[in-house]
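Labels for the chains are A, B, C, D, E and F, by order of writing; each one numbers its residues from 1.
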Amino acid sequence: MKKIVTFGEIMLRLKPHENERIIQTDRFSGLYGGAEANVAVSLSLLGDHAQFVSKVPLHAVGQAALVSLRRYGVDVTKVLQGGPRLGIYFFEKGASVRNTSVVYDRAGSSFAVSQAKEYDWSQVLKDTSYFYFSGITPAVSPEMRRAVLEACRYCSKHNIKVVCDLNYRGKMWSPKEAQTAMAKLMPYVDICLAHDEDFEAVLGIKAFDNDMTRGIEQKDTFIKGMKEITAKYPKCQTVASILRNIHSVEDSEWTAIMIDHGQVFEAPVYQMHVWEGVAAGDAFGAGLVHGLLHKFSKNEMLDYALAASVLKLTIGGDFNLVTDAEIRAVMGKQSSKRVLR
Amino acid sequence: MKKIVTFGEIMLRLKPHENERIIQTDRFSGLYGGAEANVAVSLSLLGDHAQFVSKVPLHAVGQAALVSLRRYGVDVTKVLQGGPRLGIYFFEKGASVRNTSVVYDRAGSSFAVSQAKEYDWSQVLKDTSYFYFSGITPAVSPEMRRAVLEACRYCSKHNIKVVCDLNYRGKMWSPKEAQTAMAKLMPYVDICLAHDEDFEAVLGIKAFDNDMTRGIEQKDTFIKGMKEITAKYPKCQTVASILRNIHSVEDSEWTAIMIDHGQVFEAPVYQMHVWEGVAAGDAFGAGLVHGLLHKFSKNEMLDYALAASVLKLTIGGDFNLVTDAEIRAVMGKQSSKRVLR
Amino acid sequence: MKKIVTFGEIMLRLKPHENERIIQTDRFSGLYGGAEANVAVSLSLLGDHAQFVSKVPLHAVGQAALVSLRRYGVDVTKVLQGGPRLGIYFFEKGASVRNTSVVYDRAGSSFAVSQAKEYDWSQVLKDTSYFYFSGITPAVSPEMRRAVLEACRYCSKHNIKVVCDLNYRGKMWSPKEAQTAMAKLMPYVDICLAHDEDFEAVLGIKAFDNDMTRGIEQKDTFIKGMKEITAKYPKCQTVASILRNIHSVEDSEWTAIMIDHGQVFEAPVYQMHVWEGVAAGDAFGAGLVHGLLHKFSKNEMLDYALAASVLKLTIGGDFNLVTDAEIRAVMGKQSSKRVLR
Amino acid sequence: MKKIVTFGEIMLRLKPHENERIIQTDRFSGLYGGAEANVAVSLSLLGDHAQFVSKVPLHAVGQAALVSLRRYGVDVTKVLQGGPRLGIYFFEKGASVRNTSVVYDRAGSSFAVSQAKEYDWSQVLKDTSYFYFSGITPAVSPEMRRAVLEACRYCSKHNIKVVCDLNYRGKMWSPKEAQTAMAKLMPYVDICLAHDEDFEAVLGIKAFDNDMTRGIEQKDTFIKGMKEITAKYPKCQTVASILRNIHSVEDSEWTAIMIDHGQVFEAPVYQMHVWEGVAAGDAFGAGLVHGLLHKFSKNEMLDYALAASVLKLTIGGDFNLVTDAEIRAVMGKQSSKRVLR
Amino acid sequence: MKKIVTFGEIMLRLKPHENERIIQTDRFSGLYGGAEANVAVSLSLLGDHAQFVSKVPLHAVGQAALVSLRRYGVDVTKVLQGGPRLGIYFFEKGASVRNTSVVYDRAGSSFAVSQAKEYDWSQVLKDTSYFYFSGITPAVSPEMRRAVLEACRYCSKHNIKVVCDLNYRGKMWSPKEAQTAMAKLMPYVDICLAHDEDFEAVLGIKAFDNDMTRGIEQKDTFIKGMKEITAKYPKCQTVASILRNIHSVEDSEWTAIMIDHGQVFEAPVYQMHVWEGVAAGDAFGAGLVHGLLHKFSKNEMLDYALAASVLKLTIGGDFNLVTDAEIRAVMGKQSSKRVLR
Amino acid sequence: MKKIVTFGEIMLRLKPHENERIIQTDRFSGLYGGAEANVAVSLSLLGDHAQFVSKVPLHAVGQAALVSLRRYGVDVTKVLQGGPRLGIYFFEKGASVRNTSVVYDRAGSSFAVSQAKEYDWSQVLKDTSYFYFSGITPAVSPEMRRAVLEACRYCSKHNIKVVCDLNYRGKMWSPKEAQTAMAKLMPYVDICLAHDEDFEAVLGIKAFDNDMTRGIEQKDTFIKGMKEITAKYPKCQTVASILRNIHSVEDSEWTAIMIDHGQVFEAPVYQMHVWEGVAAGDAFGAGLVHGLLHKFSKNEMLDYALAASVLKLTIGGDFNLVTDAEIRAVMGKQSSKRVLR
């Protein structure tokens, strides 16, 4: 089975212990993560050959980032080494009405200052079935926009499917910048993931009123938005979205929808008690790609991706450390809610 | 007041910090527990003379297990010392849709390889009012089945009441093995605790459809099952059960029922936010025995046992570290939901 | 802008890790707090000049208490140093039906044994706009009752507004003692905070039936009680209360009401998942004073204070470590329930 | 074999993590200890029946203190429960030229305010072979001086040997107070432990020039001092001392001498790398009493006590958690300095 | 460059925090290690293709063991998965005169009960330059003796060099058993590591008087012993030994000698302050193999191996987490003893 | 008494727990520090008015840096807020032959990209007696070189003494760059601290052969170097140096020398067991400035500074958390090497 290549930045994530605020703590847990790295870990844990492509510095912190991926089986042989620093993000867990918040310290990272020409796609993308990137990668720098574009062109010529999670980050670029950049990339995308504000911020398509407490209620406008995408970018005939009603940091409902060659698929709704609300979109994306790779039915694929995604909400850190059996237990209601012993 | 003797295995329980998964952690909290040890700790904390009988190795880890019991006042003077190892179980706390799970590493323990003849019941059971074991003890080995049988026979001759929590463990033996073994022991049992699948797996009595989200709704079939027990084993005229609707790892409703000499008793329903869903059955069993010993009314006894049980859901580790006053505060709604200061 | 002076005791707060009980732990987190110290920290973090007045011992633990305040900008230049010890309280976090509980070890502290004459109010209260104390301070000792009375008299003569949070503590004094003492102080109070049992225990006014699960339902009797206060103590024309329905340690609804010169104001109701249910009243009091100082409208003032208060429920430790922007985000529903990134 | 009774105070010991200073920490490890409690733990771990007598408060912290002793087998059935608080001491570990330091917060403890008459010695001292107290107990309060005196008188009449570790604490009383008090107690003492400044501060005997870097060099004056004791108090024919050259917090040499009915015994010198330099005197005292109880030869007794004492320097907390085999390994040079595997 | 295959057991290593004893702790750090796994990690970190062969259970703990190796780049594709359990060892760090000690709980592990025939050497040892095992592997079981013998025979036929670290473990087998087993294996060994008691216990050659405080002083008898080995087993023309004077848990001197085709090589002596005295022999072995693989001069090879070995003494856990540059800095005295910044 | 102003960068310092390496850890302790910030903390703890000038970002991490200083009383009212990020350094503690090492991640910090003109020296330096900077500040950027120069010029005109710790950092600039920059600044310096390689790297003066194991032995060449400084820069008539023999990460000897208006002063030699070998130079500098400010004799000043410096070696983190009394205890040999109790 051919490999999946994901391309993006991996960062050191520093999180105060338990529920502490940054201003009061002197202890951080130091894990590593980033959208495309997270996807690679998920796929590797599901048994696929996942290769992560990026650039990290040569010092101990850069090595630790690599080690965090290799640990879960991700192929890091194509990660470039060098440059000034590893990006960092500080993660402060919220509670109830106090939102989880993130302080980015990613400017000037080895990845951010790397050149498009450093990535030799003809080398990297040999024997690849899927190429995965999120909207964060082109948001990093004009050079990375170029790198993604070059990769997409290579894929296009060599029959490698391109998956893009739009993943808008308002702290990294404006809607206008995002739209300009993505307009060049979308024509190459085969499978598109778009959540919440992504539709409008990245593609200028109005699908969501930005009220996170009632995302599921807006299913119809989301479907309309998804159809607009497939209409505008004919290569892209698969679009999937997570829909959520977020009531507080801990409590929310989660579901997902997908349009595939015009047909709409819907997953069940999960009532969730959330441990850590990050990287669930990456878990979803990985679930979809795994389903595509193994030719799951569309229904199974969507259910599988959603189950993977909600499992991520129960796990600390960026990586979705679950097995295929655990995902299927959640899907199939075999999750008996009891201690297994 | 005469002592209560409990007989079974104590293990080292290794739990990753907070919510971590085993695969990502390098930190374990190391506590000790086991069904019968837990019961002994509960009774000791309530002021009773509780004696735990078992076998642990002579090395530091075995000593630490003893120390963990002696700490809370349990009489460990009859615990045998020697043999190869202490059993271990790894405990991974779940969240929301991800179940709590347990990895057993108990084979070959000092207790598991001990011989029935090592336990001198005429010595151990002197001045005893109640003898307590759970279905886990005979599940450990054929020798331990024999040891329990010998203890039961001694009790029968010396007017010591026998309490058995059926406590089926599918990872330790099959329903068929369990039924064969327990058929020999049940005729000696005076008080029987049976929860959930125990009825069918251990006694072959169909009382529950295995849907943990609606245990309370099946109260009638449970009562029917309890009556079957008292009919089949006439010595056993007291049977008690915890009933639960488990909605997720955190959220569930708890109640309990008891049949005593034909009369049915019911406790109130508690809406619980669960910290750690283990050993609540042991807390319940200890509450019942404490009530029997101190001649509580049947209603009080059942309410007390249930209150003890739900308190355990708020505490980490296998031991139910609560006082009589705390149990009564929960029972009597004196739990004002406020900080006491 | 003139300073706010708060006067009371600061203690070392020792809390077992996570959910551990005192009897099982050998690890404590050691933070510092006390009603008036908490108010000072809140005001300082909101940009006001807050001065805390107290007495702490000269040794390392006393210094650490000072340092904990100075860290967040509180002016501690008027804190006396000397005397035997720092008060301590042990804080054990509850869960579900098991209440959070506190063991006080504050007797004989440097503050408790300090003399009224050690506090030179003409010096301390120079350039002060508000003087803040809670009912805990006079509960500490007869000398501290005297000290508060002297401070109030000084305020009265120098046009400094007096704010009092009644804050009844049943472990420190009886309702009778409280009523006797407060009867002398209330005539000087301009703004009064009264919650739950405070009405009856401290002022002998029946406003609440002590059922914490339905405080909000008793709004009308609370308003009646507030009006009694303003009638009895004509100087006191502002009274505010937090009302709560507490369902369990984790789950509750919170709202607040205020009467000001006869007019009643009401805040919205928050559905809260509580991380740590302490010091929310202090956060509320600080919010009110901040609003008074900056001449917020009465509606804004109450909403602001309540939003500050519910934010405290999401934070560990006694101090409400939030910014003005965070309070306003909660007030204005700008809290989008999402990770900000 | 008859029991040993030790009488004194047990405190909560709060120590910052690793090497942190109190002023910088928000984490404490919370263990329990006190000279006489430490001795009881040592004896219990060596297999003797050791009973600790004291008074602790009824709340959770008092219970935790009891639990800490019962854990290691100490008989706490005669500990009184009640009174205001448990004494506390803050322990800050030094390094190199920075001394370890202690902040006492023990005033007003349940023990300190207990009455002599609460201790019923005829009840407590039944079936006792040795009664052990340190100079800390009479230093606590005049009432405790009286209690010790009454216990000594009872011992005198009932042929119970009295062991006293002079244990001068300059933060608790002055030499003059100590001398006055001990002059009344010494006539009852059979075995006396005196270290360093104890000779002069407690008994007014000049044996040591207070230069801790050269205690071993002053062996001769120590012996002279010990002889003065046996001359002055003829009942006391056994006196033992630890002698040390302390070069830094980590590095020191340790030895011990003993005079018994006029004969002098000397132990070997240990070159120590110290982990935590507390409670080594208590470990020494326990070793001596264990030797007396089991009729070791005088040489063996002294060597055993010293080996126990130096082992304590390698262990964190007040309790000397070692076995007889470990003590003998150190004595007999069987300590091969290797990992045992 | 061809791969190196190491064959042995990997265990979960549970170590109390800091300096705690097992009997007092409830916290363990949980790392993984084992002689041959340690060697594989070292080689992988030095850039070689190291493959570890073993058997681990399929559950989460077994996966975590694999993950711990894959993290540092070890090839685990040939590790068998299945069987009952992962071996465990408890590691208690000593201090000064108190020895570090180990409690083994490795009986009945998946590796220990695996069959020789499960290891398909013709598959595993393809493209291999060195096969590495320690004396621990044959000590595990008769089946593993057979497995090693079969591997050795395969190596012999296919020109793969065999490296054996004698590594005697008295807790696993007797000298007699060891000698019988190793007599069959030694004829296949090309490079032999023998330390301390290994000579006598495993080969019956008297080279060392077992006084660990003066190992270096016995260099001549060690050399004599090494020559006996090369005489007795002509295939084995390279023998290397670490020599140590161990003064206490923290303080020791380390050096190494090697005989190669009759010529003796000696390394410098390092004065060490030891952080954790385990797995230094494995680090040494890995250093030697790395030198062999890259054709270092004999002097360089020995110095390199010793420098790697002493670096291990400064690192916690079984794995020697150092780089080639760090080893060379220690070798070349470029270790400037300063903070690099 | 007039204030002391220090000017430089403060960073987040991330250190793995205990002895862990960055590659193996997922836990960091997060403290804050930087040469000039450290000096300010020391002076503030000694009772002086110390003001730190710098620039930090407006987000939570920047606020936490400020809070870390305000905690110990440092005046941070002149710290600018804004810009992209806070500099970070990773600190990995070495052991024995493995050096402590640092990974800098300080490029692009708010301070590094700040403009000289943002610092309004006529405002900042009002009422200042001493202005302190280290060679790190001009090494940060050409703008900061300019800022320091402007500050120095202001000082020169307003009779403010300038103290410079040369503090060469080879990872920040080359000797050539350093010499060019410092040649412009040295004419303004009144008191110069120069250690080890600083002489040659920063000033081109050969005083030390770079063998850190024998710094003290090179006292004469150091004195010669110091005299060259005073000759070359006549304004600078006070030069002080720490001299060290560093034997390993833990063991070293420390002393200090000073030349003042031609007269040479020498301090005693301390034999140190080092806990953490950072920021001892800053502690020394602060000690000197404190002595200057309070007009200590030259001998006392040097001894005081050295005692402060060696105390820092016993404390974790960048800040020297000691009191005047503790420094004097070390100076006067009143450090009795005992537990104070």
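Just so it is clear, a residue touches a chain if its C-beta (ideal position, glycine included) is under 8 Å from a C-beta of that chain, and two chains touch if they have at least 3 such contacts.
Keep in mind that what you see is a predicted model, and the values were worked out from it rather than measured.
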Practice problem: Could you tell me which pair, C-D or C-F, is linked by more C-beta pairs in contact? | Solution: C-D
Quiz item: Looking at where chain B touches chain D, is over half of the residue numbers used by both copies, so same, or under half, so different?
Solution: same
Quiz item: chain E to chain F: how many Å between their CA centres?
Solution: 44
Quiz item: Which whole number of Å gives the spacing of the CA centres of chain B and chain F?
Solution: 62
Quiz prompt | For chain E, residues contacting two or more additional chains | solution = 18, 21, 23, 26, 67, 101
Quiz item: Can you name the residues of chain F that touch chain E in the complex?
Solution: 18-21, 23-24, 89, 94-102, 104, 169-171, 196, 210, 212-213, 246-252, 277-278
Self-check item: Residue ranges of chain C touching chain F (in the complex, touch as defined)
Solution: 67-68, 70-73
Quiz item: What residues on chain F touch chain D, complex-wise?
Solution: 18, 270-275, 310-311, 313-317, 319, 321-322, 326, 329-330, 335-341
Practice problem: Going by the contact rule at the top, pick out the chain C residues touching chain D in the complex. | Solution: 14, 21-23, 25-31, 59-61, 63-64, 67, 84-86, 88, 90, 92, 101, 103, 105, 107-108
